[in-house]
Each structure stands twice: as structure tokens, then as C-alpha cells.
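Alright, structures below, take your time with them.
Both complexes shown next keep subunit A, but they swap its partner, so subunit B is in the first and subunit C is in the second.
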Partner chain A sequence: MEELANLFHGFAVALQPFNIMVMLLGIVLGVIIGVLPGLGGANGVAILLPLTFSMPPTSAIIMLSCIYWGALFGGAITSILFNIPGEPWSVATTFDGYPMAQQGKAGEALTAAFTSSFVGALFAVMMITVVAPLVASFALQFGPAEKFAVYFLAFCSFVGLSKEPPFKTVAAMMIGFALAAVGLDSITGQLRLTFGITELLNGFDFLIAVIGLFGIGEILLTMEEGLSFRGGNAKINLRVVLHTWKEMPAYWLTSLRSCLIGCWMGITPAGATPASFMSYGIAKRLSRRGKNFGHGEIEGVVAPETAAHAAGTAALLPMLSLGVPGSPTAAVLLGGLLIWGLQPGPMLFVEQKEFVWGLIASMYLGNLAGLLVVLTCVPIFAAILRVPFSIIAPLILVLCAIGAYSVHSSTFDVVMMLVFGVLGYLFKKCGYPLAPLVLAIVLGDKAEEAFRQSLLGSQGSLAVFFANGLVGTIMVLGLVALFWSAINQGWSRLRGAAA
Partner chain B sequence: MSSQGRSAGPSHRAVELGVTLAIALFGIIVIVGSVKAGINWGAEGPRAGFFPFYVGLFIVASSAMNFRNTLREDDGGLFAEWTQLRQVMSVVVPTAIYVGALPFTGLYLASMIFIAWFMRWLGKYGWLTVAVVAIGMPVVTYLIFERWFMVPLPKGPVEEWLGL
Partner chain C sequence: MKRFVRGAFAAGVALAAGNIPALAGWEPVRPVEFIVPAGTGGGADQMARTIQGIVTKHNLMKQPLVVINKSGGAGGEGFLDVKASAGNPHKIIITLSNLFTTPLATGIPFGWKDLTPVAMLALDEFVLWVNAEKPYTTAKDYIEAVKQAGGTLKMGGTGSKQEDQIITVAMEKATGTKFTYIPYKGGGEVAVQLVGNHVDSTVNNPIEAVAQWRGGKVRPLCVFDAKPMSYDEPITEGKAWKDIPTCKSQGLDIEYLMLRGIFMSPRATKDQVEYYVELFKKVRETPDWQDFMKTGAFNTTFMTGADYAKWVETEEKRHETLMKDAGFLASN
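Right, the complex of A and B next:
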């Protein structure tokens, strides 16, 4: 019951007038970020991170997490109205959302999408409320070997579960680790991999990488496609909303299934995008109206939106309780914690109760506020998309430059941002995943530290990672995740041979 | 998309092989740097180059696999058409100039010129629209970042002259 008291205390924190203000500001900025091409959740949060340097940490994380919720909501608007997914996780929403809009049912589709998003997020937040303190108190007993095992598991899941070729995922991830290693070695205090270049003394900041890879890279991709927006008008009135809400309980099973898929995919670092596709695919196979999917079926909007939002929210669970972010955006939030002087990981739940529970409470309130904002303001946000790209693009580029500069007040970082931008464009075109690269830059130092400390304790023997049941289990889980696709193939071949 | 026949451009395979080679080269640089920092055990345990050395090995090894896979799977597709790449370069080149000019001109002046150029050249807008956006955006930025959130941004001679 202590958690309940903590949660109520958290609500008291989140309901302070200043925090409500930054919450609403965050939601509105987030929706705009979600609507605009080239400004995604991760780099949107990264660009706006410097704005929070002077705020108290709790208000700062409330604002940044609300930007994230807003971006999750915003992605659905462009998918349904313009058939342009503002975010990768809303691609699956276009399959049925856009046909609905073409049939004049844009209002229904939008209401269904927003409501499902809200349901998915609510489910995930409740799960976080219950599970996160347990995981954190469990993780308090972790030594360096267990810590490394958790990182190992997280990165192996990337290789095994992502749809990109495994060796490309490994390459991208290892590039991230190498970039993280540049500069001062935190254990020996020695310089490494700087090759005498003074600008590299402080290493690569992952925020610069995020802004370049996701922000600039995305703009370059959009330029290549020569984007032009065409789309219908968005009209939502109370009658449509109520009418849609009356229909939605019929899809409770789809909704629940999507919530579970989303939570699972969010905790393991697979993320919101595969969650939305998987949920859509399963709903299509299991639904009685599965044949209609793709022609404007409301269930085809409910399934991916619920899962994407649940996954996006659930990604914060490992970030809060273990210090291992489940998505690039969660990684940026984790970077924020470090900047505000907080040490992410299980100790947060002990030392920073007000921060943690204020954040969790703000997730409930922020998503509710988000639902109200998007339902009432859709036409305004849709109008933003009619601003031509040749105006939006330079503004976003300037914003990215400002964001990159203000992290360390360094113009060299702005140059690096552009380099990462071109890299992001090339990587994306060649099928290298960007998320593991970013996560490796964030976690590289910590993973290395845990690894070296474990080895130090065992005099260099790798057996330390299988020394007890706990660490051994996590490592084996990691190996299973790593070879998941191979195991899967072998299994189906065995079954094929038996049949 | 590019089935019209008139499309020309670098093949996807060539670009991907190039990217893979660049990554492998990066891996070799990491290995060399790690060896310089020391990859064996010192008095305080594994030395600074220990971890990145294996990271570098992984980069080279996985690049070798990627190289092999790319060689095998050639669908003959294009990376992008030349016209598309020209579009991309029309953003990269001015952005590079903008980024290079930042330390000397300050953020505001460079941003105004950059936005104006972009809108006028690629968007073909009238001068009035161009002026409103190109001047308005830096002013709003100044108010939000420097005044309200107190985040200092790079300034050049013009700002100094104005006394901001």
C-alpha cells in the first residue's frame, strides 16, 4: 500500500500549477512534433531538452515525457488524414485509417485512434505503477555482473527481434559502442580513440547523434521523396465522438490483446513500431471482419494505435527501474536524468521518490490531457501540415542546429550533427537500424564499466557471468534472444520434418 | 516508383557496399586506437583499450558478413535517382555552409540568410513572405531561448553591435 500513498503524493506533485502548465505545453509541442515530418519523438525531445536545464527535474521530466505522449498522439493525425505517417509507429494506422478518411469517416477514425492510444497508454501506465517498484527493488541487489547481463539481454533482443538483418543490427550497435568509448576512459582516466583531436576529448554526445540521425536524416529522406501534402479536412464534433465511443467497447478483446502486445514489445526494446504492425497483423487474422481490413475497418485503427501507445509508454518501465531505456525516446529521457544530476536505475525509487512518482502520476494526467487536446484541436494541427515543406524544412534545420548547439554550447557539435544527419540518411537507405546505435551510445559507458568491474572481480574469467542462478538466467535469456530467429527457423524445420 | 525507364542513378548495391566498407574502415580505426590505448591487463585491471578493441573486432567481422550478403543479394535496384540525389544535395550543401558559418556570423544572422535562401530558391516565395518568416523565426527563437529559458545561443558581430 506504500505505493498507493506514493502515487497520491505523485499526483499532488503533478497537479501543481506550474507542472500542469508545462504538461499542456509539452502535449501541444509534442503533437506539433508528431505532425511535422523530420521531427520525431526522439529528436524532438532532444532538441527541447536544453529548455529544461533551468527547471526543477520533476517539471523537466513531466514536460519532456508529455512531448513524447503528444508525439505519439500526433502521429495518428497525419496517418489518417494525409496517408503520411508522421512517425514510423503510425504506418500501420494508415492501412485502415486513410481509407476511412476517404469514405468521409475521418472523424470516426481519429476518435478511434486517439481513444485507443489513450487506452493503450493507460494500461501501460497501470502496469508501470504496479510492476516498476517491484522490478526496482529486485534490481537493487544487482552487482556489476547482473547489471552487464541486463544490458546484454537488452542488446541481444535488438539483434534477435528486429526485422533488419542481424549483422547490420550488430554493426550499427557496435558503432554506437565505439562512439561511446571515444574520449576519457571513466575507469582509468586515460584518453583513448581521440587521435590527438581536441574536440573529441569529451567524446560523442548521444543527443547530437539523435538530432542528426533522426532529425536531419529524416529531412533528407523527405527531400528525396519530394513530398507534397494532399488531404481531406478534419472535422470532429461531439456527436461523432460519442457515436464512436459507443461502438468501441465491441472491440474490447482486440484492445486488450493490443495492450498486452504493446506492453511486451515496449519492455523488450523492440519498440512501438513492430508492436503496431504485429498487433495489426494478429487482429487481421483473428477478427471476424478480417477480410475488410485495409478497406476502412475501425478495428484496424484500434489495434495498431493501442499497441503503439502501450509500447511507447511501457518503454519507460525498464528506463525507470533498471536504467535501460526501451526506445530511443526513452534513451533521450534517460540522458536528461543524467544532465539534471539524477542517477537512473533502481536507486531512483529509493532516493528520488518525488521525482519517480511525480513522473508516473503525470503519465496518467498527461495522457488524459493529451486525449482532450487532440480531440478538440485536430483541425488546427492538421492545418500545420498544409504549410509547405519548403518553409517547414529550413525552420526544422535551424531548430536542430539550435538544439545541437545548446547541449554543450559548442559549434563543433553542430558540425557533428550534420555528419550524423548524412550518416542517418545513408544508414536508413541501406537498412541499418538507428535505434540500437543510439542506445549503444547512451549505455556504452555503463555497459563497459559493468563488464570491466565484473572481470576485475573474477580476475578476468568470463565464468563470472554464469556464476549464480540469477546472472546465468539473464545471460541465457540474452543468448536465446540473440539467436531467436535461428531457433525459430530450426524449430519450424523440425516440425516440418516431423509432419 | 522508378519503373518509367528514364530513371538513372547509382545502384543500391554499389552504395551499400561503399557504406559497408566505410563501416569496416571505421572498425579498423577503432582497433588501431584501442591498441594504442592498451588492450591488455594493467595494474588496475583491463586497460582503456580492452573493451573498444573487441567492439572494433565485432564491427569488422559483421561488416564482412554484410559485405558478403550484399554481394549475394543483388536486386538491381537503384539507390536513388540522380534528380532525387540533387534534391538531397540541395539541402546538404547549404546546411553545410550554414553550419560552417555559424561560429563567425552567430546563429541569428546565419539562420535568417539560410531560411531566406531556402524559401526563395526551393520554394519560390515572394520576398515579403520570405522576409516575414526569415526574420520572424530568429526573433521568436531569441525570445524563447534567451529570454524565457535563458539558454545562450552563439552570437556574432551584428548582435554585438546591437548590444544584445
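Right, the complex of A and C next:
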């Protein structure tokens, strides 16, 4: 009950006119940041951090977290309209979102994405409100072995969900692992595969790869197909929004499942990216409409978006209660907290009640405000699709180049983006899936690090991955996901032979 | 004369340092890039962003100060960037021990002599931490346990062949024991791994572990400095930073402090260096900076010019010896 009283006090803080103004400003800035690929939430928050130094800490964190929400919402826009995911967790949204846009259902896809994001975030905030103290201790159980198990599960369920021939999926994934290995080996402190080239010190950044593979690759394909940009005659008005909303409750089960996956992955330090992929994979397998996934199924937008936002929101909890940022954006927010003299950690909830509950209340309000802002803008965003391709393509190209440049302020990255663009085009031409490649670039080095840390700690014994109930369960789930696909294939082949 | 008086006034405390043509001095004409050769959220990044905040809040610069993280290759990316910007005075870099360790461990071609030293802002302390649930209350207890365990106790630290691992190796050498060193990406992560009992000890900086200490989750055993820290404000259960004994007094004769200093691009003129020295003097005088120093229990030594260069030179030699002894030098 004390929590509830605290929360209402928090609402009172968040609803002060100045704070509401700050909130709306943050959302709008965030959406702009999210729409520009490559800028991303972390960079956006970092750039705008100094703006907030003259504000009281509570207003400052409200503004920054609203920029974060805005960026999360905005990231879905480019994923759906142009097949360019702005953040790692938006990749899964492109699988069905972009086909929907091509079929002239951009409005529906955007509405579904925004609404799911809101639902996911709301669910996570409610969870934070209720179980904040319990959750912190759960996150502590995650050592390197547990982290590796989660990544393992993500990879396995991905191989399982793929419609592509499994060898093509594995091949694409292995190329991703190879790319992820470039740069500094964080376990030995040695450089790997850099060949003395300075620009490779940092390895291949996920964002550069994705902007190239998806964005540039898509433009090349469209050019080849005669410059037609399908989806030009999309019906776009507010009625679409209402119509989509009417459809949404039908997906409540997927939604709930995605919320749970998201919250779990957000609290454990695995994060939003595996959450979105896993949620998509599981929805595909369990949904009645599973076989439509990848061809513009609205449920395929709902699942990853809900999970990603539940995870993104839930990730703030370990940041506040343990001082461990669950995402790069959370890391920048953490820096902000320190500047305002707030020390995140177990004592924050005790010593800075007003701040913590003000922030939690602003999560409710900020997400609501964000939903309203982006939904009213759906027609504007969707209208972009009516612009002829010959005009929009150069614009996208410029936007991609700016995005790639702004990741590390490096022109080399722009060149890399073009190389990845050609690679993406070749992949599509040869029927190799891009998603496993991307997944491996994003999670490959993290998985490797966790794997080697575990083995260091266990003196080289693989038994560490089955050492306790938690890690053992996740590993077994992973193996089941991996072999389920093989069993499934064998099963259908058997049935095919029998029939 | 008037010119001199105004110059001296602007220079403020710096007057003591003498011979500064502050007024005739140089000023940035476009935004200044503040490179952080480490990831977002780490100790160097926090300090850089705090400085950026102070500069903005107190209006200390006419041009904006922009923080940019270039963490690739254990910070080598950032150092090479500054090295390649000879004659561009609009680029400064905050350094940590990777100024020495990265070129030694990876063979990336740069050294501190490629850059222009500006000022030492502070030194970061290192403290030996264990989980508060464990029975060890002194460094002696813990070292004894490490001996008993015969190399299976785990030391968590930031990065590989960097300061945390150097201290670990120094401890092994000093006590004839063996640890299993496990590298993590950042200090905050290391602190949490200790709370979750995934590692047995850490050598976190105070700012990385202070929250967990206040929460009663971890216990400091000793500080790797010649004398105890000076901050006497109680942090938890009546204990202050000041109450942590030195490792030397515990029979662990190791001292290690990490540089938090500023360098700028090569071929900077005296005026340009002087401008930044004055800027950081002003930053140091703000209450915000003093609060930050207190939160992180920093050693607030400040050095510029020849003193600073000499200090850096000595440290470089020391790191070379330490890393050579540990077998951390790059093979090529």
C-alpha cells in the first residue's frame, strides 16, 4: 500500500505543468532521434544531456526518459516504412512490418507497432511498480553462464523459427559471428582480425551493418525491380487507427506472452534485442497464423514490438536498483543520475523516494503522451510512402549516410555501409536470410564473452552451463528449440513420405 | 599595466604559476571535441560528462564542449584519433591507465609523447572488495583464503591486461598466491557480479562500488594507496572512506593509482594548452566538481606542465615494468 501512496505522490510530481511541458518536448525530440537511423536513443540522450543540467533532477530525468520513449516509438517508423531498423530491437519488426507497408497497410502496421509498444511498456512499468524490490535480487543471479544461456536460447530459437533452409541460416549466422569477432578480444586484450587497419579497431558496428544490409540493400533491389515503390496507394487516415485497434484484442495471448518474455529479458541483463527475436520466434511457432509470418502478418509486428518495449522499460529497473545499465541508453541515463548527485543502487529507493516514484509516474504518463503524439502523426508518416520512389530513394540514401556517419563520426563507416549494402543485395539475390547475420553481429561478441568468462570461472568445465536450476533450464530450452526444428522437419518429411 | 592586471585577474589562482599571457591567449573558435577513449557509463565517461555539465552550467566556455566516445581497441581508437589531429586545438582527450596499457598490450602505434599533456585532474583509487556475506574482514584473512583455495578464487575486473588485472598480478606476486582473473566490460558490471557472488573479489574504483557498499552488499578490505583516503563522511554503518586501511598496512605492499588527466592533440601551442589549463582550474573550483570528487573518493592531486609530464613519464616506465613482469606485452 505504501507503494501506491508513493506512486500517487509521484503522479503529483510528474503532473506539474513544467514537467508536462518537459515530457512533451522530450517525446517529440525522441521521435525525431528515433526516425533518423543511426542516431539512436543512446546518442540522442547523450547529446541532449547537457540541456537538462539546469533543471531539477526529477524534471531532468523525466525529459531524458521521455526522449528514450520517443526514440523507442520512432525506431519502429523507419523499420516499417523503409525496412531500416534504427535500433537492434527493431530488426524483428521489419520482418512483417515492411511487407505490410508494401501491401499498402503501413497505417495498420504503424498503429499496431505503436500500440504494442505502449502495451509492452505499460506492462513493464506496472511490474516495476509492484515488484521492484524482488526483481533486483533476481537480476543478481545472472552470472556469465546464465547470460550465455540466454544468448544460446536466442540463437537456437532463431535457427528453429527460420523458414529458410537451416544450412543457409547457419551459414548466414556464421558470417555474422566472424564479423562480430573483429576488433578487441575482450578476454585476452589482444586485437583480432584487424590487420593493422585503425578503422577496424572497433569491430563492425551493428548499426552500420544494419543500415547497409537492410536500407541500402533494399534500395538496390527496388532499383532493379524498376523503381516501383509498392504501397503508394495506402489508405491513410485516423479510421485506420481505430480499425486496427478493433483488431488488436484478438492478439491478446501473443501480447501477454510477449510482455512476459520482454519483462523477463529486460530484468535479466539480456536486454531488448534477444527479447524481440525470441518473442517473434515463439509467436510464429505458437500462433494459428504462424505460417503467414514474414508476409505481412500484423501479429508479427505485435510480438516483437511488445517484447522489445517491455524489455526496454524493465531494463531501467536494474539500472536504478543495482546501478547496472541494461542498455547503452540506460548507461547514459546512469551518467546523468550521477551528475545530478543521485547514486543509483540499492539505497536509491530508500533515500530518493520522490525522485524514484516521480520517474515511475512519468513512465506511465510519458508512454501515454508518446502514444498520442505518434498516433496523431501516423497519417503523416504513412503519407511519406506516397512520395515517388525516385524522390524518396536519394533522401533515404542521404539519411542512411548521415546515420552511418553519426554512429562514430567516421567516414569509413559510410563506406562500410555501402559495402554492407552490396552484401545485403547479394544475400537477397541468393536467397540467404539477413536476420541471422544481424543477430550474430549484435549478440555474437556478447555470447562469446559470456561463454569464455564462464569457462574461466569453471576452470574449463562445461558443466557450469548445467550447474544450477536456472542456467540448466535455459540451456535445455535452447536445445529443445534447436532440435525442435530438426524434429519438426523430420516429422513433416515422414508424414510427406507416408502421404 | 592594465592589460597585465586584467590578465592576471582572469588567470585567478593561476597567478602563482606565473608568466601566463592569459589575455593575449587563444580561445576556441569552434566546438571542442572531448574524446573519451572508453565506453559510455564508465569512470572516464562519467568524469567527462560531469565536466561537460559543469562547463555548460557555469558558462565556462564560449564554444560548446562535445563528449565523443571512441572506445575501440581498448581506447586505441580515441588515442589514434587525437594523434592524427596534429595542430587541431579543438580536440582534447581524457585518459585513464589505458594511455599506457593499450599500446603495450596491443601494439597499437601511439604513446603519450604523441599527445600534448594538459593537466592531471585527479587520481582514482583502487580498493579491494569482497562480498559482505563472506567471512573475510581483513585483507590478511582473504589472502589466506586465496592461498588455501589454490587458484580457484575468482577476481573480477574491468578489461584484460589493464589496470585491474595488473593489480591482480601484482597481488599474486606479492603474496605468492594465484587468482582466476575474469575480465568484464565495465566497473559497474564487475561490482554487481561481486554482489551476486559470481566472483570472489574485485579491485573496483570507489565510485564503481560505492552504491553497493552503502547498500551493505560489499565490504572494502584495503586501499592500494600510500595513505588512507581523506574523506571522513560516513558512507555506511558509521564507516567512511577514511576508515579503509591501506593494503601496505595489511602486509600487501602494493600501490596503484589511476590517472584521470587531460591531453590534447599534438603540436598545440603554449597559449592553447594554457587556455585548457585555466578552464580546468575553473572547473575544479566549482562545488559540483567537489561533490563529484567526494562521491568517487578521488585523490584530488592536480598537476600541469613539466610536473605532469614527469609524472606521466614515471608512470609509463612503471607500467612497462609491471606489464613485462606479468607477460602482458604485445608479441609483435
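Here, the second predicted complex is superposed on the first by the 273 of 499 C-alpha atoms of A that agree within 3 Å, B and C clash if a C-alpha of one lies under 4 Å from a C-alpha of the other, contacts with A are read in each partner's own complex, and residues count from 1 in each chain.
By definition in this document, a contact is a pair of C-beta atoms (placed from the backbone, for glycine too) under 8 Å apart; a residue touches a chain by one contact, two chains touch by 3 or more.
Please read these numbers as outputs of a predicted model, since none were measured by experiment.
In the superposition on chain A, contact of A:219 is made with subunit B only, not with subunit C. In the superposed pair of complexes, A:451 makes contact with subunit B only, with no contact to subunit C.
Once the two complexes are laid over each other on the shared chain, residue contacts for A:425 go to subunit B alone; subunit C is not touched. By the touch criterion defined above, A:54 reaches both subunit B and subunit C. Of the two partner chains placed by the overlay, only subunit B lies in contact with A:168; subunit C stays clear of it. Using the contact criterion defined above for the overlaid structures, shared-chain residue A:144 touches subunit C, although it does not reach subunit B.
Judged by the touch definition given at the top, the superposed model places A:190 against both subunit B and subunit C.
In the superposition on chain A, A:409 makes contact with both subunit B and subunit C. Applying the stated contact rule after C-alpha superposition, one finds that A:181 touches subunit B and leaves subunit C untouched. Subunit A residues in contact with subunit B (one complex) as well as with subunit C (other complex) are 50, 53-54, 185, 187-188, 190-191, 194, 409, 456. Looking at the complex, you find that subunit A touches subunit C at residues 42, 46, 49-50, 53-54, 139-144, 183-191, 194, 198, 201-203, 322-325, 328, 331-332, 334-336, 338-339, 341, 343-348, 408-409, 449, 453, 456-457, 459. Residues 39-41, 45-46, 49-50, 52-53, 56-57, 67-68, 70-74, 76-77, 80, 105-108, 152, 154, 159-162, 180-185, 188-189, 191-193, 195-196, 198-199, 207, 210-212, 214-217, 288, 291-292, 295, 328, 330 of subunit C touch subunit A in their complex. Contact residues on subunit B toward subunit A in their complex (touch as defined above): 12, 15-16, 19, 23, 26-27, 29-30, 33-34, 36-38, 41-42, 44-52, 55-56, 58-59, 62-63, 65-66, 69, 79-80, 84-85, 87-88, 90-92, 95-96, 98-100, 102-103, 107, 111, 114-115, 118-119, 122-123, 125, 133, 137-138, 141, 144-145, 149-154. Within the complex formed with subunit B, the residues of subunit A that make contact are 50-51, 53-54, 165, 167-168, 170-171, 174-175, 177-178, 181, 185, 187-188, 190-195, 216, 219-220, 223-226, 388, 390-391, 393-395, 397-398, 401-402, 405-406, 409, 411, 414-415, 417-418, 421-422, 425-427, 429-432, 448, 451-452, 455-456, 460.
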